[in-house]
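Scrolling down, you'll hit the structures one after another.
In the two complexes below, chain A is the common chain; its partner is chain B in one and chain C in the other.
Right, the complex of A and B next:
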């Protein structure tokens, strides 16, 4: 029995879940902000970095027996390597070709995750990492870390739930990452990225190695996507290839465009609005629609928001019109 | 050897459907500068319009195909008037239009999901009728698909080559500024482009639904990336290029599973072959196979 629309918006658990989802997607979309918002790269395969990191970590923990922190670092490194690998043949392409080539890359990664069951657990997901029949789990070490944080939080705030602990951890990371990105964007390095976005030929005429800068932006964005993938894996304790379909990339695009292209602090705003739509249509009981229809309704709503934004406010809620990079 | 012929036949079926889907996409891309991500959903829409006539109303498959083409063409034209033309008048650029089309794709696909659900659907046709042509076997659906697709490709080819409208479309796609100063009525040609492109997408959707034997609302999206691959391989805006590249891609996708080629790849990776080929070719020719070497 799902609660009615009115009661859900006063529930603490609902807003905690919205916060967790919004936090994960903020980190994910920050990666796209670096690639698209600052460098102008149309990456439509961003979900691949999330997938590569989540799978790398789960496989290293379950199959190789590595400790969690080492696996997580290796996973981020792996995603960055994939960023460079994807970038090498594609960043020289025209913007529209780059978009299609990156979607194709993302789909290849998903097809591999779906079909190489020996490596990834196949369509049933990570639960089958040890083969069908034995339930595999990768997050024991994470849960004990989370419990340490929870105990520590409970000393100050009384009763704290598992999701609330996650909320605190994720948003701490979000704030740190945004501060780091703010610093990078206003550094000489960040200025070169934005000059590439505005006029690639001018920056290369000034002697900047545009190709190398684009690859660096892709790799940094991939690392952010990877961190989001790790949190996604920890929060849901289990994932499967269908979590990484192209739709997830589009969610990041909505968040970046909704908030405002080229503005770091706009990303969490976009992500929270997205989180409310995402979780609100999942848990609330909307009149006249059954559960399956609600999932479809959510995606129709998201589609309409995209169209509406492009038609009426292409710079997003907080974006500056003069810095709007949607050509 | 018989496996080779069978794969070639299957490749022709897949390839001709990709070609049919690619014509509309490439013309819209070339003429309107819309990278229409919702094109796959036009195929899905066509497949379900035919389902409505053939299964829900119990009509004949020929009526179903005709209805699907007409309704999908109507959808294409309607969206031109309520969405694309207003967007163009606001001066939306190629990236804005691309993102708009992603939103449109989500809306159309999930409206279809809402109406018909996600369960596999099939047309009311005889799936057991198989023609044994000696060197390969084709199902009735495959025979219909290949015959209809080749007839459509031939007709469209003649239309583009010989008629005034076809010439206007190609001229506009090649160079919009030049075409408009040459006195081509752009708005009129655009409407006909949507009728042709969306109508063919509807047809392609029905044919794919026939050869796949069962389909759900994700069908069009699954075909979209191979169709994009054909558009880019053929050179954006080139209808002939898209036709040739579509058939070529279909053949490569099927032949890649051939045992004689180092055991062949598993059939599930057929779409990945199309993507890999696309990326490989873009590496060599970043502007597309027949595209002009210009920086954009």
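Right, the complex of A and C next:
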């Protein structure tokens, strides 16, 4: 380990950043857990919900002048509406067709964001929302909220950085969301979702309206993706269409599979490991490779870890092995 | 059940139902009815259209022509869940146990009128949800005891054997408070002693709760002992319909099974099908 690397891995700021990223991805992947882990829906366009929410909020704040909280709520509502919209024609499809349809949906959203410059700021991203030449910003209200939380935290803990404040906010939300999902999954409602995952014909033969439940699962997953999208927007203050490429969806898949499919508490575990690899390899100074190559090396590393996991622990870190062998 | 109580009342009425797969008519104007509070067997050689008929009646396939009435109301073209909610519940030939859910959860899922299956009721009426869960769980354990699966209640349904899965499906169907149960080969793989108990239970439910059973079964002994009426299908049509004795002697039935017309062979078959499997 080079001295520089050692410094990074012992730095509080670095780990705080990893924690923030892991928190955002936890919320994002929880949406997929609802859709895939509990309902069995193969959604390969999850990133679209993140994108729709982030853009809806930014546009409402910058262009329409709505207050942040109203914009955020509208953004979540918009993502849920998109969830239902994509679900209506596709949810009746066989699982593999649904996967294809959703991946296309994700790309459509990204390409709209890329090309409808008047609406979204185009390839330059949200900084361009007011048109070229004027830097647009949507997070003034968020920053002031964050400062309020920070002041409050500093009363108890002394010096607290901006990222540390974000860390506290995000992980509070994560814990609340997981508790909510635990309640839902073990409720009679969640039981119906799980029965659809196991065998939707059996479920409908017992009088459950499978179609309606799938739409609800899509909408709830979309709402979670949306919340992640809002935090993503707040954390990075600015975003562009390339933040929402299909790879982001697959990060959520990696997290769900890494942690354990069908288990809520497995998601933060998967997300933290993913966050460490993802952020950690960004700073690791690997000999014989230049910076550009290292970016790809990181993806190769994530892929290798996933292959290893599938080979040796297919149920994920917190999954139950016996569930993998049930016929 | 809102009926006038006549014993010969038709609970299920299937009229000239047609269903093709490619060029093959799986159901070719199939017409039959099932009387309320009866145990009726549906038999026929492989490919006769029995399972297809089940799929069409329970909404899994849409018929191309014909009418299906359940409790006097049209159900053809209705989705499976809507038909199940009306009290017509089925099991599957290839069992559909919900593997990664417990045996108990499989049962509890089937219970009707659980307000907790709606998100808003979960939040607004948590007490009603919990009360119903307790009722449902109690009933689930009682039914599991009936099929001798109570000791496996907490296990994953995916760990059950083929026969146990048949039993679970049977119990699960009863769990949904049905008016009529359609069983697709319910005895396949079930231990014979327990199978007999189930048949007795079916007769009891029929007598006490006026439940109606329609079962596809290949075990002739079961068919002949338990059912008061046997419907025989071949090549998508109903070719015979009557008491077990009437059907057993029907030359068309014997032809359907063997595809021969020779009189001696027919007699030999009649003898062979009598009381054997």
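Convention: the second predicted complex is superposed on the first by the 318 of 327 C-alpha atoms of A that agree within 3 Å, B and C clash if a C-alpha of one lies under 4 Å from a C-alpha of the other, contacts with A are read in each partner's own complex, and residues count from 1 in each chain.
One rule holds for everything that comes next: a contact is a pair of C-beta atoms (placed from the backbone, for glycine too) under 8 Å apart; a residue touches a chain by one contact, two chains touch by 3 or more.
Everything quoted here is computed from the prediction, not taken from an experiment.
Undergrad: State whether chain B and chain C clash or fit side by side on chain A once the two structures are superposed.
TA: fit
Undergrad: In the superposed arrangement, which partner chain does A:279 touch: chain B (first), chain C (second), both, or neither?
TA: neither
Undergrad: Return first, second, both or neither, reflecting whether A:18 touches chain B, chain C, both chains, or no partner chain.
TA: Neither partner.
Undergrad: Of the two partner chains, chain B (first) and chain C (second), which one does A:160 touch, if any: first, second, both, or neither?
TA: Neither partner.
Undergrad: Tell me which partner A:187 touches in the superposition: chain B (first), chain C (second), both or neither.
TA: Touch status of A:187: second partner only.
Undergrad: Considering only touches as defined above, state whether A:310 meets chain B (first), chain C (second), both or neither.
TA: In the superposed model, A:310 contacts chain B only, not chain C.
Undergrad: Examine A:210 and indicate which partner it touches, taking first as chain B and second as chain C; both and neither are also allowed.
TA: A:210 contacts chain C only, not chain B.
Undergrad: Which partner chains sit in contact with A:94 here, chain B, chain C, both or neither? Use first/second/both/neither.
TA: In the superposition, A:94 touches chain B alone.
Undergrad: State whether chain B or chain C is in contact with more residues of chain A in the superposed arrangement.
TA: More residues of chain A are touched by B.
Undergrad: When the two complexes are placed on top of each other via chain A, what is the minimal CA separation of chain B and chain C in Å?
TA: Nearest C-alpha atoms of the two chains are 9 Å apart.
Undergrad: Which parts of chain A are touched by chain B and by chain C alike?
TA: Chain A residues touching both partners: 326-327.
Undergrad: Of all residues in chain B, which touch chain A in the complex?
TA: Interface residues on the chain B side: 35, 83, 86-87, 90, 92-100, 102-107, 109-111, 113-114, 117-118, 225, 228-229, 232, 266, 268-269, 271-272, 275-276, 278-279, 282-283, 286-288, 295-296.
Undergrad: Which of the residues in chain A end up touching chain B in this complex?
TA: 42, 89-90, 92-97, 99-101, 103-105, 107-108, 111-112, 114-115, 247, 250, 253, 257, 292-293, 296-297, 299-300, 302-307, 310-311, 314, 326-327
Undergrad: Residues of chain C touching chain A in their complex?
TA: Per the touch definition, chain C meets chain A at residues 58, 60, 79-81, 84-85, 89-92, 96-101, 105, 108-110, 112, 114-119, 122, 129, 132-133, 156, 158-159, 172, 176.
Undergrad: For the complex, which residues does chain A have touching chain C?
TA: It is residues 184, 187-189, 191-192, 194-195, 197-199, 201-211, 216, 262, 322-323, 326-327 of chain A that touch chain C.
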